[in-house]
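Below are structures written as structure tokens.
Next come two complexes, and both contain subunit A; in the first it sits with subunit B, in the second with subunit C.
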Partner chain A sequence: MDEGTPRPLERVVTDRDAESITRVEELAYDLRIAEVMSRDAKFVVTDMKMGDVLELFRQLRISGSPVLDGDKLVGIVSMEDLIRCLRDDELDAPVSKYMTTTLITVRSTDSVIEALKLFVNTRVGRLPVVAEDGKLIGILTKGDITRGLLRALQQDYQTEEIRKYRASHLFEDIESDRTSLILRYNIKQGDFTRGGTASSHIKRALVRLGASPLIARRCGIAIYEAEMNLIIHTTNGGVIRVEIEPHQITIDVTDTGPGIKDIDEAMRPGYSTATEAIRELGFGAGMGLVNISRCVDQMKLESVFGQGTRLRMRMFLKPEDTFGEGPTSGKDTAHEPATNH
Partner chain B sequence: MNLQQIIDALNLTILTEKKDFSLIEPASGYTSDLLSCVMAGAAKQGIWVTLQSHGNIVAVAALLDLCAIIITEDAKPDAATISKANEEGIIMLATSEKSFSVCGQLWSLGLRGG
Partner chain C sequence: MKVKDLVSIINGKLLHKNINLNREIKGGCGADLMSDVLASIQPEAVLLTGLCNPQVIRTAQMADVAAVVFVRGKQPPKETIQLAEEEGIPLITSPYGMFELCGRLYQAGLDSLEQPVVDCSCDD
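And then the complex of A and B:
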């Protein structure tokens, strides 16, 4: 940066701040000024008359411009300078007399956040963008930054759409007699802070694979309850295994103990063995297994006290809900008519 | 009735990122502090009134596609919970009032159970 540039206030990002940084802020750090600036920067030269500058601003509907001497950036002339010139009634004076020579510039390789800091700290309306060698290569306004950020956000959105599109074709593109996708999640006992992470990830995966929102929601709820059960009630945590097939979703949740003493009792709404501390967190309503049975089409709970528990859940997908178009892969299911699209 | 009107009427503190709340129309309301009951009872796009403030409420709200959580009686979620809510696009609002009174006000604004 040129001399005379006020040092932007350094922003120290603590871990806590970093956690709450939004996607837009993240983009402001990621995006380079070169990606958002206007490249066809209009400029004026030092010996141009202020009257001509006025005319140029009016024609181009701009309110400021860099001033060049040869190919060297020497100043900025803005509406404010023009007003001073009009006040002095000196429209014949050269630009060099009225331009602002305190230059605040940014480099094209800087991140957009640097420019945002300068806009906030200096109140300038535009920043000349210079290359490594100091030559003017563009101009940057807040409007350019807004447009650049919006463009980047749109790209983000499209990337997610493409991801969804690709994933939803997974089952169509792979030929086999029976194709399935298996997702596994290891759940730690007592890990409340990550509670719900596996179920959220599974729900997202199902949506990306093209599951209907209702199916994704029902699976999400059932798996959440099972996930929390592993966190709250097991000795060593457990494993969630989700097998996704075009026509059905099978969820297996296993752990190595302590096991359930009386399964009928455990299935009774309101029955819970959760401790008082767990209940204070809002768990242990005794509704988990009941919720699961409402959300899935089939549920089988097996447990040997002292050894462990296995919960198997299944969702059958109606023809309109199936993943991809796999008439061949539906043939082994006895529960649902084979899909035919 | 949109969320901005609710925020104004109930004088709620916004804990998560600001956005154009006037574009969000909550479909219904639900209250409970038992997460499994919420799982069973709260409808999509609803507002959930609770005094729970730990990280798991975000997972519950995200799985249910709820639009906002109103945390009552000045319970304060920690920074990790708030950033998780921002990540999942869940709006968290807070008030010093009790759940009962919040529900009463939401009801008189026209919001009903889902």
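And then the complex of A and C:
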């Protein structure tokens, strides 16, 4: 009925199910307590009567509350304390007499996992959340954590899955005689700190487009080596251009110099012109081009010394790996397999 | 072996919080040259290294490394930690040296995930 509803999400949910437990654990580290706690924490003051506390708990349907003296957190009063007070028949006594003063608190900047550990290791049902200066800013229960995790999981799941869904259908949704997606990245010479950013983006793009992990890995490694070469060896940096077609990936890496004197020599494993400084960074072992040739299906290196270098790499995708034709596509409008180029 | 088992065997310290302790580690690889890592490492391995710059994390990301361990108690710069945290790559520092780490992990049943690099003549 509803054309806008992305159907295959159901299938994706099953994929995710297997991972969901560990992802929740990951999220428990990711999420800060500030993101899941209740901010409008109800509190009572030290000289309030226990009878009034009982009434407050009943009205608000809560089972515990922090106790403040001025704006200072001094204790916590819970159902258990109320029961002790009822047993002593002392509903007129002040909160300060029955409250628990051993305070276990968490900071709003802590990760949720810290709170979970406390819930497991202590028997408390709620944790007051304090700011850096010790002031009470919220309260945290296990229920808050569950809700927070579910919310984050939902969000997390939706954004990445929708991205993947949209991207992986790109080639199915657009009709042309030959569709390709081109990604371009400008690489700066000497920019070691950001070195690998382009490769990382390309690898992620390939995964989102539905590439198999093996294809994404092989492309990632080859492009990373090429990216580092641009950073290490060129005079002005260079450009990485990735053309993605359903049946193949073509990667062109070009620069404007200095160029390679002897390509055969450069291809020899262990051959390197890198300086000692580069080697200290973990590169320059003379394995870059060798690695590339092992990762891609076709590699062509052209260079004119004094002018520049062009490295062309190709990956030919097997029928089961092609983009835009997922395992579920049993449609009769099957895409034509690649003809020779 | 899981990341948490690894941490206890090597007496390791986690360097950031975005770490899935139940991630499975299928084997190990020890190297300081990133090109060697890229050439030889198989997916889902733990990488033992003495190199601390952000390129270690990029390499790990490209090669589907399951965890990175810095040897001899090395403390990487914050850019490295930040990048690993963003990418969700477990980062651990261990007081043991490379040799002892390899030994401990191998003894604990972790296989090598290093493949020989083709006819590498290391004569430079």
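Just so we're on the same page, the second predicted complex is superposed on the first by the 182 of 341 C-alpha atoms of A that agree within 3 Å, B and C clash if a C-alpha of one lies under 4 Å from a C-alpha of the other, contacts with A are read in each partner's own complex, and residues count from 1 in each chain.
Methods note: contacts are C-beta pairs under 8 Å (C-beta built on N, C-alpha and C of every residue); 3 or more make two chains touch, one makes a residue touch a chain.
Since we're looking at a predicted model, the values are computed, not measured.
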item	value
Per-residue contact with subunit A, leading partner among subunit C and subunit B	C
Which superposed partner A:G306 touches (first subunit B, second subunit C, both, neither)	neither
Touching partner for A:E26 - first (subunit B), second (subunit C), both, neither	second
Which superposed partner A:S111 touches (first subunit B, second subunit C, both, neither)	second
Contacts of A:A285 with subunit B and subunit C, given as first, second, both or neither	both
Which of subunit B and subunit C A:Y271 touches, first, second, both or neither	second
Overlap of the subunit B and subunit C footprints on subunit A, listed as residue numbers	22, 192-193, 195-197, 199-200, 203, 213, 217, 220-221, 224-225, 228, 281-283, 285-288, 290-291, 294
List of subunit B residues in touch with subunit A within their complex	17, 33-37, 39-40, 44, 50, 52, 54-60, 62-65, 79-80, 82-83, 86, 88
Sites on subunit C touched by subunit A in the complex	17-23, 32-36, 38-39, 43, 51, 53-59, 61-64, 79, 87-88, 117-124
List of subunit A residues in touch with subunit B within their complex	16, 19-20, 22, 192-193, 195-197, 199-200, 203, 213, 217, 220-221, 224-225, 228, 281-283, 285-288, 290-291, 294
Contact footprint of subunit C on subunit A as seen in their complex	21-22, 25-26, 29-30, 111, 113, 192-193, 195-197, 199-200, 203, 213, 217, 220-221, 224-225, 228, 268-272, 281-288, 290-291, 294
